[in-house]
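Note that chain A is present in both complexes that follow, paired respectively with chain B and with chain C.
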Partner chain A sequence: MSSSIASSSSSSSSSSKKEKKISLKTSDGEVFEVEEPVAMQLEIVRSFFADNEDVTEQTVMPLPNVSTAAMHGILEYCRAHEEFRRRMPEAAPEEEVRAFEAGYVDRKSNEELKEMILAANYLNISKLLDFLTGVAAKRIENKSVEYVRAFFGVENDFTPEEEANLRREYEWAFEGVDED
Partner chain B sequence: MLARPLVRFDLKLPFVNLLKRVQLFIYQIGIEDNIMVEHFSEDLLSDILCRLPIKSLIMFKCVSRSWNSLISNVCIPRISRMPLPLSGFFCKFSPRESRMEYVSYSDEVITDNNVNCDSFVESYSSLLPSKYSPYHLVDCCNGIILLVSVSVCRYYLCNPAIKQCVAIPKAHAHTDVKHAVLAFNPHESSHYKVICLHYTDSCCASNPPELDIFSSETRKWIRYAVPVEPPVVYGVAWIKRNVYLDGMLYKLTKSKHLLVFDLKSLTARAIELPDKDEPDANGFIGVSKGVFHYANNDGSSFMFWQLDYHSKAGCFWILKYSICIHGLIDRHPNAERLYEFSNLVMCKPYAIHPNLDIVFLGIPRMIFSYDLKTNKLELIWTRPFERPLMWGQYFFYTYSRCFIMLDDFSKRHHESSQL
Partner chain C sequence: MSAIPLDLIVEILCQLPVKSLLRFRCLSKEFRSIIDDPDFIRRHHNACLETNSNRRIIATNNARTTLFSLDLDSAGDVVAAAKLPDLPIQNWRYGLTSIIGSCHGLLALSSHNHLCQITEVLWNISTNKLRILPRIPGEYSLDFIGGFGFGYDVASDDYKLVRIFWNQSSTKFIVYSLRANSWRWIEDLPDYNSFYIFCQGCGILVAGTLHWLWEREIDSREFIISFDLKSEKFYSVPMPDIASTTVDNSRVIRHNMKKGKDEIVEGERRTSNKDNIKISAKITPVSTSWFYPVEWDLSPDLMDPDPDPRDILH
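Showing the complex of A and B:
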């Protein structure tokens, strides 16, 4: 991993003047050059540039909480939304957005989904976070307690008696659970 | 929390710049080690959990200790702040009969008669100590049912949604069943009050009414004499149905007044009803969208009024809906059945939807829902001929499921009771 901050934006000079690009560096050192309107959907990036007027185009903003894999997923979502906005600035084509979102999330494993939620939370993209938390809720809805522990990697720290008592107390909630 | 060090790296002073870079470097190494073990924060987790159906949410209390407390302390209070959807109706057929029926209702689909009724009634009846049966339904407020054991004159609260039952300490002064009200609002707190009202009869026509109030905070019954302003209603009989809303207790009198008891200041006001000049048919009281409503049938229309309690102009009532019964029958062929008793006076407002512009109207054998926005009239409940709803709306309660645990002092303290 490099400790140098402002060294790896060599290619930005070749991009056209019209479309300003912003360089974002993920935890594993990969630098993404992102079109400004797309990058500005990341609230953490927007406020960084808004708060620091003297940063230049050469500045590479490190995002140490975001992996390269998560960044690919995030940019795919933000670019699609920027495209919708550009085509229809007044109101997003709702059906198209929904179709895109459904296809987009179907391809993600549970691990990828969780990683993207953490990234979207860190980058503060409220729209994406809202969407992804809804997807996570759908994936655990009506699943067993064991499934949910595995999903979130939560350790069961109840004693067997405590758990048995809780299950007895909320017996009604355990009826008709889906197969894992 | 983590972004701040990044902001500094372009400072002009080379030394500071270097320091900041070193700081950032160290910070990034730390992150590198942590990223794989980072867990969902409580905020993030509760954002996900609050989107779950309540059944899954309750079940996931068994995931771990931290989930148990997150769900109880964050998710359920957050969900409970949203308006509770209407889940059904409770009703009782006569003052002397303990038998109750439940009909489930949802804003989309009406489930069949009695399908869930027996199991629903059984679900909370089984929580009550069987040696004190029978129990009478006394009140239903924000998802909690207030029952009284007739034989020992002791009150019980049941929350059918989470199968909780709390026994209220017995007041020795209570030797026969009184009218009682439950004052509970999950949006305010898990505490509640049970209020017994003493009938004022002609022998004490000059005395203010007395309330026995049990508070779950003090765990005591205390008797208060509550003066009414103006005192025109002393000695006048009351009508059984009560409504609790925002620290106030509402009750109708046979003199066509609304009594409003302020449970904090322990004062009361008597307000003339908007239809005080109509014959003495009793009206309906209920709450919709957080506002107290009074409704009645004036012989040709159902009239729904909102109470403007703090009115400066001296006029407390705002007419909200006026529904012409003939118009209803003309537009909806099945509404002809409202004529069943060939007497429009038998048509009554039975309930009002807690969150939507829907009212429930009917005759003792049939209840219809009427949507004020779409003008849609639907038959939601038919009673067998031999078991009509005898006293109309006084024993007809809306029920919304509540998932807040009531404060159960009996598990923590010895019972105490002052009266």
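Showing the complex of A and C:
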């Protein structure tokens, strides 16, 4: 997974010259050494290093809103895309990207997906955020009201009568819904 | 874990089909007010345009008894034509239904009853909501025949339906505004009246302007009259330089304004067997307003032999 991509890319480049790494510390205290081009996909990191002249290579940037689990997921995505970009700078290999993205989200539970959406939003990685919100939409598209309430953690504040009336308004929209 | 913030929820909702959104109005009061908000509806519509999703072609069969919908979002090469449900209107006679036009997912239809009275309706196919248009005020004689048109005016954020009445002595126009829910007669076409102009069929919407092919009775010369939905004024458009080709009004293909560029939606469908129709649609940028007919090869007992590619809904 993420570690295999990381080691393969660092071993291939170590033969030429030492790649610059950026240290990122997650909310639970783990420090990730991230290759610079990958870390720069995180807009919050890019602007931190661009705006602060006194940071050095030894600076560890704290990311208090990102858990270690979410960071693994984020880096796996960013490293894969950096790899695609490096191999084909002109045009991304569309089918490969699609295959990677499909496999990537299949392994994520709803909770993991939501955690990554929050992390991608905080880290300001617009491409990943667009992708993940699209995945969330696909996941809930054909689900019941109860399932989606649980997904968003929404409290039902309608009275039973109000809800029954709302359902009657567009009865056909409740047909053909997947099982939860 | 912490909840997804509102702006991201809206981002997710924008990518859902209308059916899901109508269901999720039941989630909570907050969700209902987000989904019912006109700004959200506009944003959702723009997101559909951006990603070319929620698109379909609507056509009638030959006898004009049934409306069919072809979903352009369906995966795969072969798309089945789905029958649209009957309109929930009493005394609606499907046998004489015509598609006047479509815009932003609103379908404008007209139907005659046995007294030759015409009823027009606007139908939002996504929500299945219907507006029956009021009767046309004032005097107009039943022997008037003429054209229709339907479109959206950005300036007033309003949908307008145009009807043209024509007989040997005059041409009259009336415009319905969805916002006002009323009809209004507008001035005659002064310069052209004396030539006995004949116009039938549905106007083609291009960039906020409806276009009809007109025929001058005295010499059968064809020309195009356009109607600007914003200013509600008429203009004359020169004919394209295609001497050898007969221009068929029903075959001018719909323009699509996307990212500031005028583009054309081109549709193609091929019958692979009796029930299935293959569709491919491509967007082709054009340098002029003129474009040549697309072939429509359809199973005759299922579809109209010459349906109108204009009815690609957005």
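We take it that the second predicted complex is superposed on the first by the 162 of 180 C-alpha atoms of A that agree within 3 Å, B and C clash if a C-alpha of one lies under 4 Å from a C-alpha of the other, contacts with A are read in each partner's own complex, and residues count from 1 in each chain.
Simple rule for what comes next: a residue touches a chain if its C-beta (ideal position, glycine included) is under 8 Å from a C-beta of that chain, and two chains touch if they have at least 3 such contacts.
Just so you know, these numbers come straight off a predicted model, no measurement behind them.
Asks: Quick one: on chain A, after the overlay, do chain B and chain C clash, or do they fit? Just give me the call.
Replies: Chain B and chain C clash in the superposed model.
Asks: Does the superposition put A:D180 against chain B (first), chain C (second), both, or neither?
Replies: It touches nothing on chain B or chain C.
Asks: State whether A:R167 touches chain B only (first), chain C only (second), both chains, or neither.
Replies: Both partners, chain B and chain C.
Asks: On the superposed three-chain arrangement, identify whether chain B or chain C touches more chain A residues.
Replies: B
Asks: Contacts for A:T59 in the overlay, against chain B (first) and chain C (second): which applies, first, second, both or neither?
Replies: After superposing on A, A:T59 lies in contact with chain B but is clear of chain C.
Asks: Pick one for A:E76: touches chain B only (first), chain C only (second), both, or neither.
Replies: The answer is neither, since A:E76 touches no partner chain.
Asks: Could you look at A:N121 and tell me whether it touches chain B, chain C, both or neither (first, second, both, neither)?
Replies: So A:N121 meets both chain B and chain C here.
Asks: Pick one for A:F48: touches chain B only (first), chain C only (second), both, or neither.
Replies: So A:F48 only meets chain B here.
Asks: Using the superposition on chain A described above, determine whether A:R149 touches chain B (first), chain C (second), both, or neither.
Replies: It touches chain B and chain C both.
Asks: Touch check for A:E111: first (chain B), second (chain C), both, or neither?
Replies: A:E111 sits against chain C, while chain B stays out of touch.
Asks: Among the options 20-28, 74-82, 200-208 or 218-226, identify the stretch of chain B whose C-alpha atoms clash with chain C after superposing on A.
Replies: 74-82
Asks: Which chain A residues are contacted by chain C in one complex and by chain B in the other?
Replies: Common to the two interfaces on chain A: residues 114, 117-118, 121, 129, 133-134, 136-137, 140-142, 145, 148-149, 152-158, 163, 166-167, 169-170, 172-174, 177.
Asks: Quick check on the complex: what are the chain A residues that touch chain C?
Replies: 111, 114-115, 117-118, 121, 129, 133-134, 136-137, 140-142, 144-145, 148-149, 152-158, 163, 166-167, 169-170, 172-174, 177
Asks: Can you name the residues of chain C that touch chain A in the complex?
Replies: My answer: residues 1-5, 8-9, 11-13, 15-17, 19-20, 22-32, 127-128.
Asks: Once bound in the complex, which stretches of chain A touch chain B?
Replies: Contacts found on chain A: 1, 3, 5-6, 27, 44, 48, 51-52, 54-55, 59, 61-62, 64-65, 67, 114, 117-118, 121-122, 129, 133-134, 136-137, 140-143, 145, 148-149, 152-158, 163, 166-167, 169-174, 177.
Asks: For a test of understanding, state which residues of chain B touch chain A in their complex under the given definition.
Replies: 2-3, 6-7, 9-10, 21, 24-25, 27-29, 31-32, 35, 38-41, 44-45, 47-49, 51-53, 55-56, 58-68, 123, 162-163
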